[in-house]
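Each of the next two complexes has chain A plus one more chain, namely chain B in the first and chain C in the second.
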Partner chain A sequence: MLKTDNTLAIAGRTAPASARESVKSLKARFARENWIMGILLFVCLAAAPILPGVKGWMATEASLVIIYIIAAQGVSILTGYTGLVSVGHGGFLAAGAYTSALFTEHYGIDMSVGLVLGAIFAGAIGQIMGLVFLRLSGAFMAIGTLGFAFFVGTIVNNVPLFEGRDGISLDHNHFFGFEIGDFGFYYVSLGVLALVTVFIYMLLNSGVGRAFKALRDSEKAAEASGVHRVRYRILAFTVSAAITGLAGVLNAHIVNYISAEVYGDIWYSVDILVAAIIGGSAMLMGPFVGGLFVVMVPFYLETLADFSFVLKGVVLILVLIFAPSGVAELIGRPLRNYRQKLLRAVQASQGPTAAESDIGGRRNV
Partner chain B sequence: MSDIALSCDQISVNFGGVRACNQVSLSVPAGKIVGLIGPNGAGKTTLFNVLTRFQPQSEGDVFINGTNVNRHKPHDMIRIGMARTFQNINLFKEQSTLDNILIGSHTLVGNPIAAMMWLGGARKREAGLIRRAEELAEMLHLTRELDNAVGNLSYGYQKRVELARALAAEPNLILLDEPVAGCNDEETADIQNIVRSLNEQLGITVLLVEHDMSMVMKLCDYIYVINFGSNLAQGTPKEVRANPEVISAYLGDEED
Partner chain C sequence: MLGQQILSGLATGSLYALTAIAVVTVFRNTRTINLAQGDFAMIGAFIAMILLKRFGLNYYATIALVVGCCMLLGVVVERVVMRPIAKADWLILMAATLGVYYILHGLAGWLWGRGTKAFPVPFDPTPVHIMGAVISKGHLANIGWALAIGCAIYYFLKHTRHGIAMRAVTDDPDTAELLGIPVKRIVMLTWAMAGLLAGFVGVLIAPIIYVSPQMMDQVLVKGYVAAVFGGLYSIPGAVIGALMIGVAENLAGGYLGSHYKTATAFAMIVALLALRPQGLIGIQKRREI
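Our next item is the complex of A and B:
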């Protein structure tokens, strides 16, 4: 339908096709480098247990970090990319955890099945919440999701099925039939993290990720472009909840015990939101940094007890003031600036850009 | 496809006790550039929002490409071939020009589940969309800006990006809401040329809601004038310019 052989007869300048090709090959190189860095990161993490002096508790602590990363990745889908602040993701964490724990307790299922069921069940609840919160945004969305977290807390505290504060104790973990210990659990967590990360990368580089970001930046413009607001918001809720649900399953199995003592509160919700925001909720690597921070700060400051809460709060405020896009953005800035420079250099060989030239660029004809 | 790309019949819009549009009718023949003008507060924007379904009407019918769209939502419109731009540029400022144009082709992404998991030829489709976005950028001389954030572009270039986004879904009808509002003379001439080329080279029907009289007079094949929410006059630019009612609506009566 569109004629593309001739350009419109309007003022401006055409860049030669070869110039575009060089920009594209540069961008392809960046993408390749990102993949290589990501794979290297996971290879290093997978190889870490062979280092001398690594003990079982370290693997468990690392698994805990991974759980927080995955939970924060779920938050980032909704809060970072779709622009809907959720203070209630602990509810989805609990949904995943209790689903897997209850099925394991009553039917003795494998952990792999638990992961699938937990993700499906948390996703289903996310879908319902997406419908419930359809018309909310901004602060109202935050309050609404907070209400959801309280709701889930009350349910697990009081409905007999969830066994309240007595909790549910589980046997040893089995994954694909093999009994797994601390290190086995670490590898399972790492595998889930890798899958979720690749999935989010694919989502972001597809029309769905674009639609999410469009809804975040301007609902009106997104709708005018044909984005079905309701459908995509619900999709974002579902995907986000399912990912956090996966983290919930891991969180139930890491200590083989869950109770309303922890899931009946909203601390998880706050913690994973803080992890997402400190790391950078609109960046693929953001939850990695945030998860590490949220788990390791109390770990190293154990002697200071409640002071770690104070520190978390102070850091959150500092991040919001000085690096609103998150610490991951701060860390990645040198690399991005360097790449920007390379890109500019290639572009500069094609004459000034519109941003640099006069308004409308008509004098460049 | 019918000969009339867009028509509305006896549109009325009430905001509480205020009647913003009162039985307005107009029709836009396929392949033409039609202008909609009127003094401030005449109801142009309200009518525009009704046509693009951002505002439901109280009475009346809207037909786009022969379909009654009374029950359509804004996101349905692009699928029946109607695209729009916004009065004060409404772009995704942090995102690159390429991403902005790609959002315009959202309806061509296909099943979202397959798209986000890269299943069933989703990547091929995506590559095709990127290629088309690049072609559009070339047509509008935006190739150089494809990887730059649109927030950094000049006003005139942002207008072009918005047009490129509107064109990305291959509409046959495009509604422009005051495209030269806030533009200087050069930018106005630029937009004017682009709109004319869209119409002449791509055969796209245009409904132009505009304040800038000289642009409307130069570009449009036919003009509707509304005032106080009602049809005031219609005709070719020459007829409208000579119409005493239009003159008095814009300039006031001689006695005043």
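Our next item is the complex of A and C:
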């Protein structure tokens, strides 16, 4: 007699339906909790400016953190979830920044339009790079993207359109026609961050996200199971570049000035990658921790000047030695252990089930 | 004119080649994309500058001392940073060398300042005529040094116990271990060799590009581009790639304008990687990193 129950047939025994039901409901609860925690986080961030003693520069600094978080989220799509390591995301950052800055300078567009255009342009360049680097993987990909970052740097330094080291100065920022100050900018970047985070969460829990992860874990196996490798690789590149491009637009408008002095270097590329790796590139909360680290360490150690680089390097190495999957993983560990325990308790009380305890997966923080 | 461009391209290319050899050696023995390779050379250049300027040391004694220091630096990095995570994913290894890069960069900026400094030994511009082409003595000396070092490394890898052990580790670390080769010590030796090459590069390139914490960034990337020509695995491929890059960027500098000098190398790598991802002279082996 054929068994039709495919999931549990593997274990060779059938679990009571009630156990499966309760495990399912528990997982649904965890997903709900993820949502609630996420919303709470953003409500707290949105309410932060009400606190007494908050000044304009703090909002700017916080916006800078958010910019790095968004950029690192872009990297994490490619590096963390699809397994293609990019050392060249500064190029996409520059693409977004220059697109918006040039359109604002010549056509006086609104910042909201700039965000859309920047994302589209950066995404288009990402798509082209995805095509160019189609056959690369591993270390070769890292070096190729590094070459791309340098290439962009040379172009913005030398092509007259980008005004080289003199840079482009912009007027005050307008969002939907309203002039926005420090706090306005903070809310705009927070809004973009929220949208991007929700987008990534939905993407990862969709078929596309699963295809990305399948490609990361084994390209051959994924292809054999029907994942269109070329299509999803290019898609990952495009989405990743577009998100980093959004960060670039914000980065151009935060100081209303961009020049090849900053974007002609590879420092942005390196910093963004470090933010993604330190936080944990395969976790939704990873870029949050990483962005905070990359911006706040130099900020607090400003008086130490170059010595802050040394500390940054030391911390990076320590993190890699003691928490190779990222600080966010370390912070989220108690929560995950608690959930694992809960799940196991339910399973034990309800009788044996098949191995369904994949709740400690990399995305659930 | 053309011959001259090619010749001075070869001179720069020979220094890229030394960097590329170090990059390939470290990568194929330890799976590490060593982003700190350039900064070993940068530290070497600073030490050389201090020895020459402040202590008035002899040039050759300086080279010997600097190379020793850089080898020590390589060994220390291996022991302290790389060994604890030797078994980790290659991305972690690369990020760790990025940490070393930050540390060395910060140290140099902190101790010696961010500005660009002239190197006390002037680059010898005396022209020499070779087969109709004119090349400066300094460039010629660099070619000579690079050739000598290249031959020494060839001899080391082909004919000495440690060199052969090193190649065994490259081929298959597990089998090498079973055959009684002390793999850990060989890995350390690999990093020492990277330091040695960096020391020479630092001293030889300093008179041309001057000394500053960020002096080696571009050179390192070109070293990597060259290494990719050899599929990150083959030393002859890397050397040929480095010489090609040196010549190509010199020709671009001569005929298109100096702005496009740096862009050439990157255009080359993008084209190469798009057309032949396994490298020009690449070996299909070991691509599953």
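Points worth noting:
Everything that follows uses one rule, which is that the second predicted complex is superposed on the first by the 338 of 365 C-alpha atoms of A that agree within 3 Å, B and C clash if a C-alpha of one lies under 4 Å from a C-alpha of the other, contacts with A are read in each partner's own complex, and residues count from 1 in each chain.
Heads up, the rule we're going with is that a contact is a pair of C-beta atoms (placed from the backbone, for glycine too) under 8 Å apart; a residue touches a chain by one contact, two chains touch by 3 or more.
What you are looking at is a predicted structure, and each value in this text was computed from that prediction instead of being measured.
By the touch criterion defined above, A:23 lies against chain B but remains apart from chain C after alignment on the C-alpha atoms of chain A.
When the shared chain is aligned, chain B comes close enough to touch A:206, but chain C does not.
Once the two structures are superposed, chain B and chain C can be ranked by residues of chain A touched, with B on top. Look at A:339: by the touch rule set out above, it reaches neither chain B nor chain C. Overlap of the chain B and chain C interfaces on chain A: none, as no residue is touched by both.
Residue ranges on chain A touching chain C, taken from their complex, read 79, 85, 132-140, 142-144, 146-148, 150-151, 154-155, 157-158, 266, 270, 273-274, 277, 305-314, 316-317, 320-321, 324.
Residues 27, 33, 81, 84-85, 88-92, 94-96, 98-110, 114, 213, 217-218, 221, 224-225, 227-228, 232, 259-260, 262-263, 265-267, 269-270, 273-274, 277, 287, 289 of chain C are the ones that touch chain A when the two sit in their complex.
The touching residues of chain A, counted against chain B in their complex, run 1-4, 6-15, 19-20, 23, 27, 199, 202-203, 205-211, 213-214, 217-218, 220-229, 231-232, 235, 239, 343, 347, 350-351, 353-355, 357-362. Considering their complex, residues 52, 54, 73-79, 83-84, 86, 90-95, 99, 102-104, 106-107, 109-110, 112, 115-118, 122, 126, 129, 132, 134-136, 138-141, 143-148, 152-157, 165, 167-170, 184, 186-187, 189-190, 193-194, 197-198, 201-202 of chain B touch chain A.
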